[in-house]
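The next block holds one structure in the form of structure tokens; read it before the comments.
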């Protein structure tokens, strides 16, 4: 019994921490901001995990869906005077619609072709955004109305947290329902799934629509918070980041992907400037010229890593794929929950069957 | 009454004529064996019946409805189930989940737990109920075969096509599969058994269809068909050929055989 | 719109020139696919790497012949490719990896992520561009004349850099074709690409051929980049577009087909050139240049995924 309590305690603890964070970080608007961004990435990573890990659709267009909603919302706000809320709803629906179209186009594409096609789609979208200056502001970006009239990050923090929890909850419900069964059967073997009566077309497209809407929701809301969006957010490196987060967290685990995204985002922020003890700072400063040759730097508090922290994650991504296919975070969650659950459930099920039989005999 | 009516089905791929005017009708719970040399078109026929392939011409009617143009999942839902030559269980899903997929596909509004009882009963009959919460990939080959058979039953099919159910199967497992076929048959289901295992075919089938080069060269009582010269030639004739996509049958046409799997 | 014939010819010929380099790069990608059976999502990053090698070699060793620099740009990606293949792709070929198809996509994507930021770290944020490799001799024969930077034939200008690039690409393509068709190793590669098991039975080690093919593929990408670093501005993300184009070409030409890669490369080069040159809105033309290839790509994928000469994926 004790073993089962631990993961629940941890979970509740994390939740409490998340809810209380703004109070704890009162003066650190910066970290609050990072947290809202972490939740943004978590929504992207978790929804991508649902699409790729659960339904087996390795789409590289996820960031594009995120941006479609954001740009759409920004544009209707700017040109039609729509409120951010209306814009967000519109953007999410538009992302869903494009998701439907892409899902439909991809129906007959097998895994590698699907990856290539969605990369092409993402690239075409990026090119269009860059080219259509009048509509999108081109490389210079698009300003977006703030969602709320406040300079504090706290309300936004709670909004993003709420959206993350809501979308995780929704996706969990999906995954545990027959949708999840069908998604996974499609991932495992489409033809066999069809032979078992699964409406493969409908559920494949549904996977695209649902996940693109969640990505769109994250994108539209977050960018009404930040107030600005630019095509640099559409480069393939950002898609790689989502993938890295989902893979490292656990591609077949929504919670794993979300936690992975949050941890990685915080880590990337923290790693931007690795703090060095005050005593060693003079040594570091002395090394500055050499460090600069390698693209590193010295800041006020320590070592400035620039692009190198991403290099680290690239390596981590490749190693995780090679040695820990199920991710780094997911196995931990699994170990805590499943071991007990699995032993229990067979017995439980047999029990349920026997009880039912007894009831039938008695009636 | 169950009725599967195959009307003059042709199927060609590019230059290859895989099915050449195949016609037959299954009524009621017949246990039909389908045999033929390799490359004769048995799997192609199965793919056409289950909807994976569409006939180039001809029609397939099932229980009074034309089905050859329907997508596979709709044919499955109407009660035509099939297995594949290579077992295709959903590997990264549990055995129980494998069972639930067809059940939920047929009844999406239901809850998974509504089918636990039926699933566990079938699994118990197939002696793999203890693996219910294991991932299908941890099952042995034989167990996976049984899982596929169990999974089929969750579709509540009228017609079951088994594609090489005896291939590479050890005697104990063979017994179980025979039992499955007999019991399900008694419950009123029709079977189409595709196999190179002649002993099993002749033990189980009430009726024998023989396919060769996409044509149905025999259709009738197994004991009669066995002596049909066209059938004998189809099997023996190919041994004299040097080329061609056909292979020597895995087992002799009649006689005892051993199997070590 | 009045398009002069000369303008069209300029576009087509320039398209052909750049198409040759696309073809060289696509050749590498299709070689990898035909032997390993995977699409390398890091192909563009080897292209990017090759360009940087040339840039830095020429910058560090000012008297270095560009030819040597270009050779170096072939060798370094080759080595990186081999190391990566041994570490991350061999296990797949040995059957040690679950869901290899998924793995191949993700791990090569990971490599591209890694290489992009590696070079960003090493090179920094500013674009690099090498100086023109070779100056043309200046002459004027009326219908054909040349300055250091430009060759003009019949009034049609060609940039010396692009001409050099095209010429080098042609030579390399020829060398590659000779290698594949005539050398023992080349034939071994062909054998493995057609039937691994049969090749293995004849004493060819398919695992080694995998490594070689990946290395060669990376090398060809690197060489393509090397020829163009004096044409385009080089940033760590320059490979993304190159990757995209390579994907388009091998899908158009047929995955695993070398003639397909060559023809596809030329076609895409011409289509892009014509598309950009004839686009009614010159302001947008450049931005949409890559879109033409991508649209062809989408069309091929949806209508005839096997492309012009290809076999099933």
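Some notes on this structure:
When the chains are written out, they are named A, B and C in that same order, and each has its own residue count from 1.
We take it that a residue touches a chain if its C-beta (ideal position, glycine included) is under 8 Å from a C-beta of that chain, and two chains touch if they have at least 3 such contacts.
Predicted model, so just to flag it, every value in this text is computed and none were measured.
Taking the mean of C-alpha positions as each chain's centre, the chain lying farthest from the centre of chain B is C.
Inter-chain contacts peak for the pair A-C. Distance between chain B and chain C, defined via averaged C-alpha coordinates, is recorded as 49 Å.
Chain C has its Cα centroid 33 Å from the Cα centroid of chain A.
Look at where the CA atoms of chain A average out and do the same for chain B: the two points lie 43 Å apart.
Across the complex, chain C meets chain A through its residues 38-39, 41, 87-88, 91, 97-99, 101-103, 105-107, 109-118, 120-124, 237, 240-241, 244, 247-248, 251, 284, 287-288, 290-291, 294-295, 297-298, 301-302, 305, 313.
Contact residues of chain B toward chain A in the complex are 50-52, 71-73, 76-77, 81-82, 84, 88-93, 96-97, 100-102, 104-106, 108, 112-113, 116-117, 120-121, 129-130, 132-133, 151, 155.
Within the complex formed with chain B, the chain A residues making contact are 178, 181-182, 184-185, 187-189, 191-201, 252, 342, 345-346, 349-350, 352-353, 356-357.
Contacts from chain A toward chain C in the complex involve residues 58, 105, 108-113, 115-117, 119-121, 123-124, 127-128, 130-132, 235-237, 240-241, 243-244, 247, 294-296, 306-308, 310-311, 313-315, 317-318, 321-322, 325.
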